[in-house]
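Everything on this sheet refers to the single structure shown next.
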Amino acid sequence: MQTPLPSNAIQAVRPIESWFEYPVRVQPHHTDYAGVAWHGTYIAWLEEARVEYLRSIGVDFADLVAMGCDLPVVELAIRYHRGMKMGQAGVVRAKMLAMKGVRINWDYQIQSPDGQDLYVSAQVTLVAVNRQNGKIMRQLPPTLEQTLAKLVSG
Amino acid sequence: MQTPLPSNAIQAVRPIESWFEYPVRVQPHHTDYAGVAWHGTYIAWLEEARVEYLRSIGVDFADLVAMGCDLPVVELAIRYHRGMKMGQAGVVRAKMLAMKGVRINWDYQIQSPDGQDLYVSAQVTLVAVNRQNGKIMRQLPPTLEQTLAKLVSG
Amino acid sequence: MQTPLPSNAIQAVRPIESWFEYPVRVQPHHTDYAGVAWHGTYIAWLEEARVEYLRSIGVDFADLVAMGCDLPVVELAIRYHRGMKMGQAGVVRAKMLAMKGVRINWDYQIQSPDGQDLYVSAQVTLVAVNRQNGKIMRQLPPTLEQTLAKLVSG
Amino acid sequence: MQTPLPSNAIQAVRPIESWFEYPVRVQPHHTDYAGVAWHGTYIAWLEEARVEYLRSIGVDFADLVAMGCDLPVVELAIRYHRGMKMGQAGVVRAKMLAMKGVRINWDYQIQSPDGQDLYVSAQVTLVAVNRQNGKIMRQLPPTLEQTLAKLVSG
């Protein structure tokens, strides 16, 4: 028998609606000799989805960088389940999993628009870096932290 | 006094509405050390705009390739007027200038969304190639030719 | 007390010399707004090193593909330890870790030429796919298997 | 009878040896669905050849940028004569054609290693820009100008 969840656990479960969705299309320049998206192409799409997700909640990545805070990728793990062919449309689904200090973990799936095919799943970790001295920040800029906190708890 | 145009000249002037417009955004992976889009990035955008233009008039480029007709770029000339910064939005404006046998000429401008800034102007020539033997086709596939002919005369 | 290794264990330990080394240089087109190699750049370098490693042992990747065997990446994990700045030289060190049927695991480090700085560490898994039907092969092409087997046992 | 050249004309004729040669190889990530290098790939190679040419004459491009002088591409024209297939080796041949104030013109050919096949010919114009204010410089930094002057007269 499964132990019943505590009453507040429901809220801790991220509802499926909380995925941010970013549409993509395999253009000729994304393909390789096999006629499918080259495996590095998806890395760029993960970044685009992340930047647009942040924009959708009021964080302009270019502004953040101009303010002296960079968010480089420090870890990335990706599984390729099925290739996307030239011309195919897809949806990058992104969500923020956790903030641990200045580390921010993201989860991704790239799917067909109808959700029937899973092309890629990935996890990416960012860390906040002070652009002036190149060092890892002790804490996120307050406005960024507050905005991101809503996503994690959302 | 300006010489009056011959009566058919009006129709020969392509109205400004005939530009196909394709929106773009400078993502981090498009930038270089200068914080602006790397100059090769625009080449990919020209291709994306061309493919989406063809899609908008019923020509699926992937289908065309599957049918054995490729349209490689054989000439490209591009002028960079002003750099696009990270995060900036732009519009690729594309139009087909002429079909000369199996050569297809395109004209491009990349502008700010409000049309006030011109970032890039470019011309691209494609040629139809038979994928089986790698040779230049003697004529375009009839359905492609008919569809494109409407654009040039439009 | 540590259990003594069986006498043949020494040979199973891959000597450090067995890393294949592939030199790289951060060119302007590799950089992003931060003046360092964009994080997807390294993915291309891992592939280049792998292809050149195979070439160095007599396997021409283009020939393999022409014969109907593709080796797509199915998993990739990468850690970014330190950014490589524009103009910096580096060395991609690659070795094959294991063949498990048609899955081939690779290990990578990207270092400074003097070996003092570690920029990236990564693991990549390839799987052999039949290009005609798109399915995973039951076994590697015999000549490929024999050639790769020497690397693993080497 | 051919008119004799003035005595200093010999030196003005650029001998064929003055091409800088930069080797390239079509890697899988360079290819597109047609199994040949995607047309934007060559743009990156032109840049790599230019940077390495400058390095060979003592100009480190990253140092130049750090000193506040950027050399963005302002015009580029390229003709694609023949596609390079995956795995093929080539040579980018680059030479500086002229300096007109702060504009620097380059000429390029991408050939097969044996010189028998011409894949690409291209011309690129750079202009010197002050990184602090983003404006075109009135003159090149003196050390750069002196070094480049040797190439043009060479």
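A, B, C and D are the chain letters, set down in written order, and residue numbers restart from 1 in every chain.
Throughout what follows, a residue touches a chain if its C-beta (ideal position, glycine included) is under 8 Å from a C-beta of that chain, and two chains touch if they have at least 3 such contacts.
Everything numeric in this text was worked out from a predicted model, so none of it was measured.
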item	value
Chain of greatest Cα-centre distance to chain D	A
Which of B-D and C-D has more C-beta pairs touching across its chains	B-D
Mean-CA-position distance for chain C and chain A (Å)	26
Centre distance in Å when chain A and chain D are each reduced to the mean of their C-alpha atoms	38
For chain B paired with chain D, centre-to-centre distance based on mean C-alpha positions, whole Å	26
Separation of mean Cα positions, chain D and chain C [Å, integer]	32
Numbers and ranges of chain C residues touching at least 2 other chains	28-29, 33, 40, 43-44, 47, 65, 86
Complex contacts: residues of chain A adjacent to chain B	27-29, 43-44, 47-48, 51, 60-63, 65, 85-88
Contact footprint of chain A on chain C as seen in their complex	33-34, 39-40, 43-44, 47, 65, 70, 72-80, 83, 131
Complex interface listing, chain A residues touching chain D	28-29, 31-33, 35, 38, 40, 86
